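Each of the two complexes below includes chain A, the first together with chain B, the second together with chain C.
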Partner chain A sequence: MAAEELTVQSHIQHHLSNAKMCSVEGEIAFNKACENAGFMTLHVDTLAWSIGLGIIFLMIFRAAAKKATTDVPGKLQCFIEMIIELVSNNVRDTFHGKSKLIAPLALTIFVWIFLMNLMDLIPVDFLPAFAGWVGSTMFGMDSHDVYMKIVPTTDINMTAGLAIGVFLLMIGYSIGMKGVVGFIKELTLQPFSSNNIFAQILLIPFNLLLELIGLFAKPFSLALRLFGNLYAGEMIFILIGVIGLWQLPLHFPWAVFHILVITLQAFVFMMLSIVYLSMASSDSH
Partner chain B sequence: MELALGLKYIAVALLIGFGAIGTGLGFGNMGGKFLEACARQPELAPSLQVKMFILAGLIDAVAMIGVGIAMFLLFAA
Partner chain C sequence: MSLNMTLVGELIAFIVFVLFCMKFVWPPLNNAIEARQKRIADGLAAGERAEKDLELAQAKIADELKEAKAQAAEIIAQAKKRAEQTVEEGKQRGEVEREAIIAAGHAEIAAERNRLREELRKQVAVLAVAGAAKIIEREIDQNAHSDIVEKLVAEL
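So, the complex of A and B:
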């Protein structure tokens, strides 16, 4: 029983590890050698899959845009138009400022995150097993040493990167619309304000604390929401895969539920980004 | 060593359990109000449904974060 536990555990661990690349003592090393390499360890599979999917997204949309016609539209154009209409309606309803960046940003966030999440529906073993086969036939590695996770958004680094991008845009819009002074005023003079200047100065630390917590909760929750949903989903896929013969009746309902989850999470990330940027670029209080 | 393992399992159970309680209450309330609103004004149903899904994503968030951490604790730590 103990030996069985060990192989199940190690199989799950194997599927949950990213392919790491780091520099150890001046040379490039991979995976197991990166145990103590510290902060500058790159997850090569996350980078490759996310950039690759981004390129696919750009290629498809560019092809549709080049062939766009006001005549009878083809199927691709119709599909792209549906997506753009959805994003455009949401931006128009939610964003109360003036910016040319928001709608393309929202479109990118939605489609890119959706494509990355979509990789979760591919059976867990397919592509990593193929990568292991490639590794063992072409590079002579033990196929157990080839690590690959195909869903970039199950890596907290990816979701945190997206959230930090939105966070920087939030601060940029705030400062751009209100100026640095206005930005600092918004952080220090709300929610407690008073007409007496001494009371106002005394209240600044409280206001700052509350506002900073609110400010940092936004990217934090964005990153963790997406990561948590996708990581738990992938984990349950792996666990159901480990069960054995009863996989199929369990996999199917979970996969159907997961289709809802991936679309919903991409949509929620997009909506929240639009809402936060709208709050940042207008005098909300 | 085994105490740590046992405590880990209890921690995982607490994380997932409490998350489930909160989510259940939240979704129950939200779903109830949504149905009430649809009954009162059926023409608002589509737009309210979109907003409901957005809220569903938000209510799920912290519970999912808990589940993510619990899974990580259980299998990768």
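So, the complex of A and C:
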């Protein structure tokens, strides 16, 4: 790559590549060496940024929780309580039934995704360039071989990880509320049913097909919506970044617009998770 | 760009974060919010109650004031009546006493008059005897004729 000419295409390609880590023949290898590692690859940058942001989120909230007082709250506590109220109200309005898990889950989803999306507002070249500089000066690497994608939600693995978490909870709630038999019944005896037992049996495969598509569409839509929005946003930031001096008047409006996308996507992911879990835990379909 | 182990890592991180949030973040914050909401609600209720209490107390004060005024008026009226009564009684007693004194005086005067009359009668008897003796000159024995003289005195 070092000899390769720095083109716009390679620049964009570089921005859209994760820092990979895998094991090749028993040894840990990075980036280019991992091209054939298949599933057994870790995106180090996605993991590091997402877990780091998650820990920041939990540390801030834990600090507020430790000092939580019923007297006049401090400014941090006020701010945290506003977020808690927002999540709590939405959960109360949407999720019918009692659960100690839903509200903290929604809070974690909302704030974590918001923080990860927020990384999109850091100008696209800052941190990758810094990482490249660190790589070349401290480790003697070619700076172009250092990959750093700082927005974890532009990695399908991140969003799919979240969506699968929600999906597992959906299945868990379904089975927990309706039992295994109830869950299977829901998948096979709807939406078409008949009083005639033979017709009912004939309808089972058809129902199962429809319900399974409906079931799996939920995590897919969750993962792809978030990924698609953020990936597209990031892409446009990168494209604006390559046009030279004119990027400044363009970058600003897109960043302002993107603030909306960042918040909205975090909120939508949270709301849909609550809605899906509410549907899973209620009897009426 | 393809799915890989990162997904599993993120899933685990997600689960850990949610569990941490559920255990250590959500309950204290939510409890604090709910406790404060309860305190505010209690405070408002207490304020309302205090206002009602104040109203009741004011009504009670007005009532008591009215009652006290009525009582005072009654006491004054009673005192006036009592004073009048006392004066009347004093007057009556004075009247009675006066009459008693007058009666006593009358009685004393009568007694004195009787005594004087008796004395006079005795002296008249003596005088009569002396006169008769002078008239009759020692003819009359004073002891023998005292009954006649007494009859005479009684006729006086």
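General remarks:
One rule holds in what follows: the second predicted complex is superposed on the first by the 279 of 285 C-alpha atoms of A that agree within 3 Å, B and C clash if a C-alpha of one lies under 4 Å from a C-alpha of the other, contacts with A are read in each partner's own complex, and residues count from 1 in each chain.
FYI, a contact is a pair of C-beta atoms (placed from the backbone, for glycine too) under 8 Å apart; a residue touches a chain by one contact, two chains touch by 3 or more.
Since this is a predicted model, take the numbers as computed values, not measurements.
Aligning the shared chain A places chain B and chain C next to each other free of steric conflict. Contacts of A:Met158 after superposition on the shared chain: chain C is touched, whereas chain B is not. In the superposition on chain A, contact of A:Ser10 is made with neither chain B nor chain C. Residue contacts after overlaying the shared chain place A:Ser194 against neither chain B nor chain C. Between chain B and chain C, the partner in contact with more residues of chain A is C. Legend: residue contacts after superposition of the two complexes on their common chain; A:Gly228 is shown touching chain B, with no touch to chain C. Vectors from the Cα centre of chain A to those of chain B and chain C enclose 100° in the overlay, to the nearest 10.
In the superposition on chain A, A:Thr137 makes contact with neither chain B nor chain C.
Overlay on chain A (Cα): least separation between chain B and chain C is 9 Å. When the two complexes are laid over each other on chain A, chain A has residues 16 in contact with both chain B and chain C.
Chain A contributes residues 9, 12-13, 16, 221, 224-225, 227-229, 231-232, 235, 264-265, 267-268, 271-272 to its touches with chain B in the complex. Across the complex, chain A is touched by residues 53-54, 56-58, 60-62, 64-69, 71-72, 75-76 of chain B.
On chain C, the positions that touch chain A within their shared complex are 1-11, 13-15, 17-18, 20-22, 24-26, 28-33, 35-36, 39. The touching residues of chain A, counted against chain C in their complex, run 16, 18, 37-43, 46-47, 50-51, 54, 57-58, 61-62, 64-66, 68-71, 73, 77, 80-81, 84-85, 88, 100-101, 103-105, 107-108, 112, 152, 155-158, 160-162, 164-165.
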